[in-house]
Amino acid sequence: MERILDVQHLKVNFATFAGQVQAIRDVSFHLNKGETLAIVGESGSGKSVTVRSIMGLLANNAHIDDGIINFKNQDILKMTPHEIENLRGNDISMIFQDPMTSLDPTMPIGKQVAEPLLIHGKATKKAALKRAEEVLELVGITNAKNRLKDYPHQFSGGQRQRIVIAMAIVNDPEILIADEPTTALDVTIQAQIIDLMKELQHKIDTSIIFITHDLGVVAGIADRVAVMYAGKIVEFGTVDEIFYDPRHPYTWGLLNSMPTLKTDAERLYAIPGTPPNLLNPPIGDAFAPRNPYAMAVDYEAMPPFFKVTATHYAATWLLHPDAPKVTPPTAIQQRKAEYRALLAEQQDQHNTTIDEKIGDDLDD
Amino acid sequence: MGKYILKRIGYMILTLFIIATATFFLMKLMPGSPYANQAKMTTEQIKIMDQQYGLNKPIVQQYWIYMIGLLHGDFGTSFQFNNQPVSYLIASRIGPSMQIGLQAIILGTGLGILLGAIAAIRKNTWVDTVATFFAIIGRSIPNFVFAVILQFFLAFKLGLFPIALWDGFSSSILPTIALAMAPLATTARFMRTEMVDVLNSDYIELARAKGNSPWQTVAKHALRNSLIPVVTIIGPMAVDLMVGSMVVENIFSIPGIGEQFVKSITTNDYPTIMGLTILYSTMLVVVILIVDILYGLIDPRIRLSGSEAQN
Amino acid sequence: MTDHSGKIQIKPASFKPVAAANVDEQEKISAPSLTFVQDALRRLRKNRAATVSLWLLLIIIMISVVSIWWTPSNPNAQNVAYANLPPKIGQGIPGFSGQANVGGRIVDKYAQAKVPKGTYFILGTDYLGRDLFSRLMKGVALSLLIGMLATLFDLVIGVPYGLISGWHGGRTDTIMQRIIEIISSIPNLVIVILMLLLFTPGLGSIVMAMGLTGWITMARLVRAETLTLKSQEYVLAARTLGESPIKIAIKHLIPNLSSTIIIQTMFSIPTAIFFEAFLSFIGIGIPAPNASLGTLLADGQKTFRFLPYQMWYPAAVISIIMIAFNLLADGLRDAFDPKTQE
């Protein structure tokens, strides 16, 4: 599969009064053409900083210490500001978290949606507005033609997020980055926006990085998932692997804290404790203090990635051959069982052979 | 919007009525003689004068006459200036005041916007420090001190400008600069704060994410959004200008209403003081109203919401 | 994304499970939280301009306090023989040598006036032969006094007005706001001047006149703040528990308003100093023979072209005081409202 984006060993620090905040500590991942990659993790884990590095939109006090971000075999980190400007809104575009504040309140929305076309010289003013109208229709703004001259405050929150999405896709970008596009919206609107994103996945040919701290959203939309904790990716794999065969205790925690049909909302699980202070991150596994399965080694050395399958890796010492076998929380075991059933079903239906290895691994 | 403007005009008229009434009765309480040479006048003469000015009538009647007069643009007659009508005094003197006032506000706000915007864009650099320093100086040093310094160095020592005479544009330059300092400082400071806020906002980040260069972002998005609120400080600035014009006109011997006001105060010329007080208040109230309407017109959030602006 | 697991050598003993989650301990380690005021003061101390201004103002205030009991000479004593002497600190100090340029010739004015040896006027004398340094000391003291007294009105009228207006809301608020609107649509200078015409000029009437108009801004700020505080949970709680409004004001509102009030006060003092100077400059301020910054400037301006030193020093002093107050006020505002500073 063609890798459209390849991030390697990214390290980002922020200079603050109190010292250097090590927000991203050696992050590597890639994005295949046409796929949707979800990045999940608690608040402050570094999801936004990661994607902002890709966009070249980090705050002034940020410093990229190390790393390569290859976009179509060109390192974005080595580009001139002007070259990055040519990428933004053209090859790579972004949807922000809060639609209430991400539109210019004093500019008609038609103009705002058409703006990326004009900046990158893709169309004349008239053609750009025509295209803006089309895209607005595409994202579900009814009667778009007559609303081009309206201002953001004349739209609801959900509509505004649709407009922001229209702005992001108007130039047919290769990569669309959505940084928590639904967090600021209320639940019903959230679902609508997610449905819209899913619809767009089919209609336009774009690779998507979808950031969220809500794993529930991920299942329906992502092909692969990367789990971030304290400035590092701790586990990544296909969406099925992460949901039904998670290996990192942090992923277990995240999955457990996800509301499902079976759990009643009042007894929702929350991972105890708080993420570490990134001013001086721990030497070992940053999750250790919150990890009920922590071992001495977790405080001594940072766990490397252990291979689970060709597509599934997790950075936890529990996967070391010398580590004791632990029993994951019951809910996680249930997931595995469900997955096995699902696999069996699929096998029956399509009569295809599933990689035996995954099935084997489910037993431990 | 229309209803709102009407309501505001209603309030404005009420305000002016209250001001005129208060001024009138305050003037009646004033000590001191209204006539320049009363000491030399006999009681008989005073009586005649009182009659001439209508000062012998019951106070309520005087008030009535005065208010009716105001409606016709009649501010009464000056006690000091050879019985000139106050309205004539105002008319003959408002020109120079308006000229330096407008020049000062254009110069001050123009430079202030520029300075504030640059300071915000180059926040926490030496450019910002220099701009902030100028703003502090402009805000702190009293404008009459400025006026005297300008006059001393540029007019007296270097002879670049006339010292104290009113003769066309060249003589208006120094007073304009002296008057412009306060609005310049106020605007620069306000603009910087607004612009810093705007530059930190999400939509500016989104504008960058669309591929705008930093300067395009400022020109297309940041500038307009930070300029709109600047309109609101025009009211307070107008007050500064009125106050400033009184001393600056004095220092540069400009025959304007500010100079007239100071002169009237020192000579107890009550009708003129009263007339000018009402004039100043009217100008201020009108400026505030215009600013309000203007703000509603240029900010789409207010223009299109149709609801009333809150105060 | 390569598998590094082989590269690290780990002892099997390392894989002993560790007692779960010492979460509490971890939370204790996190940085000690400073209280809001401590934090603000720390930020203020970091602001060099504000700190220097604070020290400068403290020194000026101290000198002013001294001037109540002692000045180099009597500030109001006239000695026409010594009129218009230039500044002198010693022989040969440029600008302070007691010499003046008269018609192109350098003249020792002190010798001309037959001033006894050893008698120096470090800032010179005015047209009545009064010692300008002593007058400046007294003048600064008077201006500062006016600034502070006028600001007292901000506190006495503005704060309660804003509190009541914001707290009551509804009709009371509307009426009180209308009153403010009317007052603020007369340029307050005009009100001050009318007041001064009504009362005999002097310290008391100037302070009164300025005080009666100056509280508006304070009232507005306090009202706005009260409106937001009113809906805050702890205030709501106190209200439901039936605490009296006065008690709530003292216990919950005033402490939260204090930074706003202090900062506004810091802006009010220089405004009052400016107004005094302005009024004295146009001749309706502090009556002769008393000195204030305004009267010194007014006297100096009359002869500025020929005896510029008589205006320079008061002009410099008033500018320094104004700048210092403004910088300090800015610093305080930034310190207490970190978002303006980022």
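Should a chain be cited, it is by its letter among A, B and C, assigned in written order, with residues numbered from 1 in that chain.
Going forward, contacts are C-beta pairs under 8 Å (C-beta built on N, C-alpha and C of every residue); 3 or more make two chains touch, one makes a residue touch a chain.
Bear in mind that the values here come from a model prediction, so they are computed numbers and not experimental data.
J.: Any idea whether B-C or A-B has more C-beta pairs in contact?
T.: B-C
J.: Going by C-alpha centroids, which chain is farthest from chain B? Tell me that one.
T.: A
J.: Going by CA means, which chain is nearest the middle of everything shown?
T.: Chain nearest the overall C-alpha centroid, as shown: C.
J.: So what's the Cα centroid distance for chain A and chain C, whole Å?
T.: 52
J.: Chain B to chain C: how many Å between their CA centres?
T.: Roughly 24 Å separates the two chain centres.
J.: Distance-wise, how many Å sit between the C-alpha centres of chain A and chain B, to the nearest whole number?
T.: Spacing between the chain centres: roughly 56 Å.
J.: Would you give the residues of chain B that are in contact with at least 2 other chains, written as numbers and ranges?
T.: Answer for chain B, listing residues that touch two or more other chains: there are none.
J.: I need the residues of chain A touching at least two other chains; which ones are they?
T.: In chain A, no residue touches two or more other chains.
J.: Among the residues of chain C, which are close enough to touch at least two other chains?
T.: If we look for residues of chain C contacting two or more partner chains, we find none.
J.: Given the complex with chain A, which residues does chain B contribute to the contact?
T.: Touching chain A from chain B are residues 201-203, 205-213, 216, 220-221, 224-225, 228, 299-301, 304-305.
J.: Along chain C, where are the residues that touch chain A in the complex?
T.: 1-5, 7-8, 10, 12-18, 20-23, 25-27, 29-31
J.: How about chain B: which of its residues touch chain C in the complex?
T.: Going by the criterion above, the answer is residues 11, 15, 18-19, 23, 26, 29-32, 123, 136-137, 139-142, 144-145, 148-149, 152, 156, 193, 196, 200, 239, 242-243, 246-247, 250-251, 262, 265-266, 268, 273, 277, 280-281, 284-285, 288, 311.
J.: Across the complex, what residues on chain C touch chain B?
T.: Spelled out, the residues of chain C in touch with chain B are 177-178, 181-182, 185-190, 193-194, 197-198, 270, 274, 277-278, 281-284, 297, 301, 304-305, 308, 311, 315, 318-319, 322-323, 325-327, 330, 340, 342.
J.: Could you please specify the touching residues of chain A with respect to chain C in the complex?
T.: For this pair, the touching residues of chain A are 18, 28-30, 272-274, 276-277, 288-301, 304-307, 313, 317, 319-320, 322-324.
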